[in-house]
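The structure under discussion is supplied below as structure tokens; questions concerning it will follow.
All chains are identified by letter, namely A, B and C, in their written order; residue positions are counted from 1 within each chain.
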Amino acid sequence: MEANKHKEPFVRIVKRDRIPLWIALLIRLAAILLSLVVCALLIYLITHSNPIQVYRSMVDGAVGTGRRTWNTLRDTMILLAIALAITPAFKMRFWNIGAEGQILVGGIATAAVMRCCGDSLPTALLFLAMIAASLAAGLIWGLIPAVFKAHWNTNETLFTLMMNYIAIQLTAFFSIVWEAKKGSGTIGTINQKTQAGWISTSFLSDIFGNFNYSINLIIVLSITVAMFIYLKYTKHGYEIAVVGNSENTARYAGINVKRAIMRTVALSGAICGFTGFLLVSGSSHTISTSTAGGRGFTAIIVSWLAKFNPFVMILISFFLVFMGNGATQIASEFQLNESASEVIIGIILFFILGSEFFINFRLIFGKHGKEAR
Amino acid sequence: MTENAIELKGICKYFGIVAANEDVSLTVRKGEILSLLGENGSGKTTLMNMLSGIYYPDSGQIFVDGKEVTIRSPKDAYALGIGMIHQHFKLIDLFTAAENIILGMDGKSPVINMKEVLEDISKLTDRYGFQLDLNKKVYDMSVSEKQTVEIVKMLYRGANLLILDEPTAVLTPQETDHLFEVLRKMREDGKAIIIITHKLHEVLAISDRVSILRKGRYIGTVDTKDATALSLTEMMVGEKVALNIDRPEPKHPKKCLEVKNLTCRNKYGVKALDSVSFTAMGGEILGIAGIAGSGQKELLETIAGLQDGEGSILFTDPDSGKEEELIGMDPLKIQKMGVSLAFVPEDRLGMGLVGDMGMPGNMMVRSYRSGHSALLEQKKPRELSEQIKNDLGVITPSIHYPVRRLSGGNVQKILVGREIANTPKLLMTAYAVRGLDINTSYSIYHLLNEQKEQGVAVIYVGEDLDVLLELSDRILVLCGGKISGIVDARTTTKEEVGLLMTKHGEEA
Amino acid sequence: MSFLWSVFKGIFSVTFVQKAITQGVPMLFGATGEIITEKSGNLNLGIPGIMYMGAIGGLAGAFLYENGNEAPNGFLGILCAIFFCLLFSLLGAMIYSVLTITLRANQNVTGLALTTFGVGFGNFLGGSFSKITGTAGQITVYNTGQAFRAKIPYLSDHLGIVGSLFFSYGFLTYLSIIIALLATWFLLRTRAGLNLRAVGENAAAADAASINVTKYKYLATCIGGMISGLGGLYFVMEYLGGTWQNNGFGDRGWLAVALVIFALWKPARAIWGSFLFGGLYILFAYVPLSQSMQEIFKMLPYAVTILVLVISSLQRKKENQPPASLGLPYFREER
């Protein structure tokens, strides 16, 4: 009888009651440091160069010059915007992994308006039309899976995932319909001559000077504050929290759960669509199947790690983009593939995700290990 | 070989800072049925979960057949011949009875020979006289069939000690009788059986000895033949059962709620309520008795607009005399019609409260819509939280501390406090004192009486007959979704109510 | 009419079927692996990443072998490729397992992070392998690639159409079908399969029935990951003939996840499902449409998946639903 032998379990796992903030922060910091050490080791193994040197060129790659800093900031803002967009749905436990698609349709809508009305509409109206179109497109893309989730409990993770690829094909379709040169399969820069519908050249840039992306920055930071207020201080935000916590309590409180799900995911999709507008009008001035570039997925991780707190998302977005852009720099310096950045970000994410365990649980070694209470 | 099948010594188990079991010792002999008696929340289930390998004790020793053992998992428990039938059955809905029975077992070969398995199980079921379709899927089964699967599953694993957690809570009297017959047959086979229950008449009917737990501590063990319902109750609650709950005379009772021919179906289309009609009066407490699952939950939820039903639920405002039909309404519509209705549901954190929020967030569950602004009103909920915290003595580090982490009593005070703060005309409570200590229970009774004296119609669904008899003005007894009687609580007896509770399908 | 006729002619040709199967095989590997994983209650969205890892692992293993040998033997190349493919996929699956099972990290988030990592890992190694190992040129394994592509001798060219339809593929194609059939048999007929399904349906009940939930979750996720990895290997070896293309594998990993839904978590259904998906994937080339409309046509597999997802949720047939505890962590002492 093997089980009859008197053995103590080596280690037991117990849920923590509460943890002081500084310990939680310390654990996360330790995880990040550890991940950087592992990355350094990997970099050393591959490049045989001094990791400190490599990290230094990473910093250089991310914020080494004014232009790089602006690029890093621009990318941070885009990632942040997407993370903000999916947060309300996420808080409701609606796993919207369809941000990629919602961004793309928003981008397509923006591009369509830019192409069609770029010459005919006055600037202010043009922008209004672009924004409205991008919001509407993202909203519809988000609403479709939400309707099915709300009424028939159709799995939203898988549904939104599939919607991404439909959007990608749609983008591919328009890439050919609108292609710049016959057979190129790319749209090329939209309104190259007139620059109509470009955020950076619009009337606003007179106010903000030469920093092309400062408008993006201001817009996204405003969304951050707005989202914080929306989630914490509005009735809608309250409903989101209640539905996310317990659907029964929500019904008890007289919340129309179906409507709340649809409304929230529609909002989520609309902001994603708006991000598509920012990408097309604000930076790339074109659209392709790689416009979203996997950021819809990374944003989920950002939102999750920030525990849905918009301000924490700023930090995390910045950190991830910083590391990513830095890694791209070392990749080109050492003639390595630029995917190095995804590898490094992946490793860092693994460590941060793993560290959450030590924040939520406590290990007890041996049977009679005294519990510190 | 010793006579004791199992011996527990000094078992302690904590959840966070809450002691679920403290220094519990217990023995079970071979060939006996031991009742483990205790109020809700006295730690019976936790203790047994440590025998079945679900929990691991923080300290203490367990002996099986006189040898000290360590039970780290259900696998260890089975190897020692211990099998537990949980209150919430641990069955896979999608599997057949036979598949559930052999689940997790090593067979002769890694491939399942279903024919052989069915023959093996049939031998066992024939021996004890179980009626069981082994190829039926669990999702198609009745509660009693599921329980049978669980019992066969344990026997098939060669369990010598069988633990049953509240096995009769969901059974009809006939099913209970049948279960007891099976248990007696197993006792004759020399198996040891532990029944967790709080129903005294069953304890007296089936067991050889009774062990009593109170608030996580072991109180004592008595031979059933020397025990009476009264002596057991005393040990269980710790003091003489002179509850002495106040019962003021109703003053000018006015009709508040009139339910007519209310019928309501559960998700499988079975009638959970069958033509229920009654009236609740402002200024009185209407107690509702019945064994668990007789339609209490459905009744309250239908009135509160959380379930669909047919028939009529007429609400009359005692002050204005305005009448409103509540059938087909949802909670929001009911609120908007100005019907002032308060509801303390059974599953407090699952319905009624938001576990991750602090007190103010939970106060908003009822009030967050107030005002025309899109923003939430922050000040009033905070003030209300402070007020409830002080008035009802809620123990919490801060009003912003998530209520999920508070003890059951404090959670209940917050919920009841909020519902009463709304100055309702109708107050419905389901198992309002479940899991609460005696003092907290009394403060809840007191609150209910206060409401009654203010002219509120109070509906009190309870499980403790003593309390129902002393607190209510009238008692409505539900049995299988039908009303089996409405009696005057001042003149009726416990026996009469008990009989009505089990008056199945007779002339009802 | 002539439009339909030309589509018809295209689809009922031997080459169409062959190409559909060629496209379907990696998805079938991926889907079978993901089904086994999901049956343990783990929704591993890292499968696309793991397939990239398996692909580059196999390629790198064969490359190291071929590079070190004057006259590389195709069979030994295959062994090396399979070994390293399994090893790398196992690494990916282990990362997911440790994080979600032992450390209880969120499954969706971990899976997406793993896909980011795995795709990056594949492209990174594939693109910089020569630089890292100090060898010259593109990472290519001609001999091993040819060995993987070897058709069944005699049968493939002596049976006419039957030979072309059924025997003209490399051994991985047959392996993918065998594994899918084995997985079906395992899930339905064996005790371990029954236990595994129980873990995915209701981990607490499985635990109470003395099933080691953690062990099953680990094994299912790791074995599932390794099976999926073979799909990546198939792509670089048989499809590409033993070389690397950046992002060449594309979104087939996600199609594998879609196929799981389409197959209603039944590996045998995934077999014909994968060929159907493969057909839908290339159908655009057989339809005389403008280039742009072809792109619309490429939506088909995803649209079909959504349709299946919606229909099965409308039907609510219990046997056709995802494993009930999919995506949920299990902690025994949870209160």
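One rule holds in what follows: a contact is a pair of C-beta atoms (placed from the backbone, for glycine too) under 8 Å apart; a residue touches a chain by one contact, two chains touch by 3 or more.
Everything quoted here is computed from the prediction, not taken from an experiment.
Engineer: Looking at every pair of chains, which has the largest contact count?
Structural biologist: Highest contact count among chain pairs: A-C.
Engineer: Kindly work out which chain lies most centrally, taking the average of its C-alpha atoms as its position.
Structural biologist: A
Engineer: Select the chain at the greatest separation from chain B, using centres from the mean of Cα atoms.
Structural biologist: Looking at centroid distances, C is the chain farthest away.
Engineer: So, what's the distance in Å between the C-alpha centres of chain C and chain B?
Structural biologist: One centre to the other, that is 48 Å.
Engineer: Would you kindly tell me how far, in whole Å, the mean C-alpha position of chain B lies from that of chain A?
Structural biologist: 45
Engineer: If you average the Cα atoms of chain A and of chain C to get two centres, how far apart are those centres in Å?
Structural biologist: Each chain reduced to its C-alpha mean, chain A and chain C end up 27 Å apart.
Engineer: Which residues does chain C have that touch at least 2 chains other than itself?
Structural biologist: 333
Engineer: Do you know which chain A residues sit against two or more other chains?
Structural biologist: 15
Engineer: Quick one: which residues in chain B touch 2 or more of the other chains?
Structural biologist: Correct list: 56, 75.
Engineer: Which stretch or stretches of chain A touch chain C in the complex?
Structural biologist: Touch list, chain A to chain C: 13-15, 46, 95, 97, 148, 152-155, 157-159, 161-166, 168-170, 172-177, 185, 294, 297-298, 300-301, 304, 331, 334-343, 345-347, 349-350, 353-354, 356-357, 360-361.
Engineer: Please output the residues of chain C touching chain B within their complex, sorted ascending.
Structural biologist: 189-192, 194-195, 197-198, 201-202, 204-212, 318-319, 324, 332-333, 335
Engineer: Would you tell me which residues of chain A are touching chain B in their complex?
Structural biologist: The touching residues are 1-9, 12, 15, 17-18, 233-239, 241-242, 245-246, 248-249, 251-256, 368, 371, 373.
Engineer: List the residues on chain B that touch chain A in their complex, please.
Structural biologist: 14, 16-17, 56, 58-59, 64, 67-72, 75-76, 79-80, 304, 306, 330-332, 334-335, 343, 345, 347, 349-357, 361, 364-366, 368-369, 374-376, 378, 405
Engineer: Going by the contact rule set out above, which residues of chain B touch chain C in the complex?
Structural biologist: 15, 52, 54-56, 73-75, 77-78, 84, 86, 89-95, 99-100, 102-107, 110-112, 139, 153
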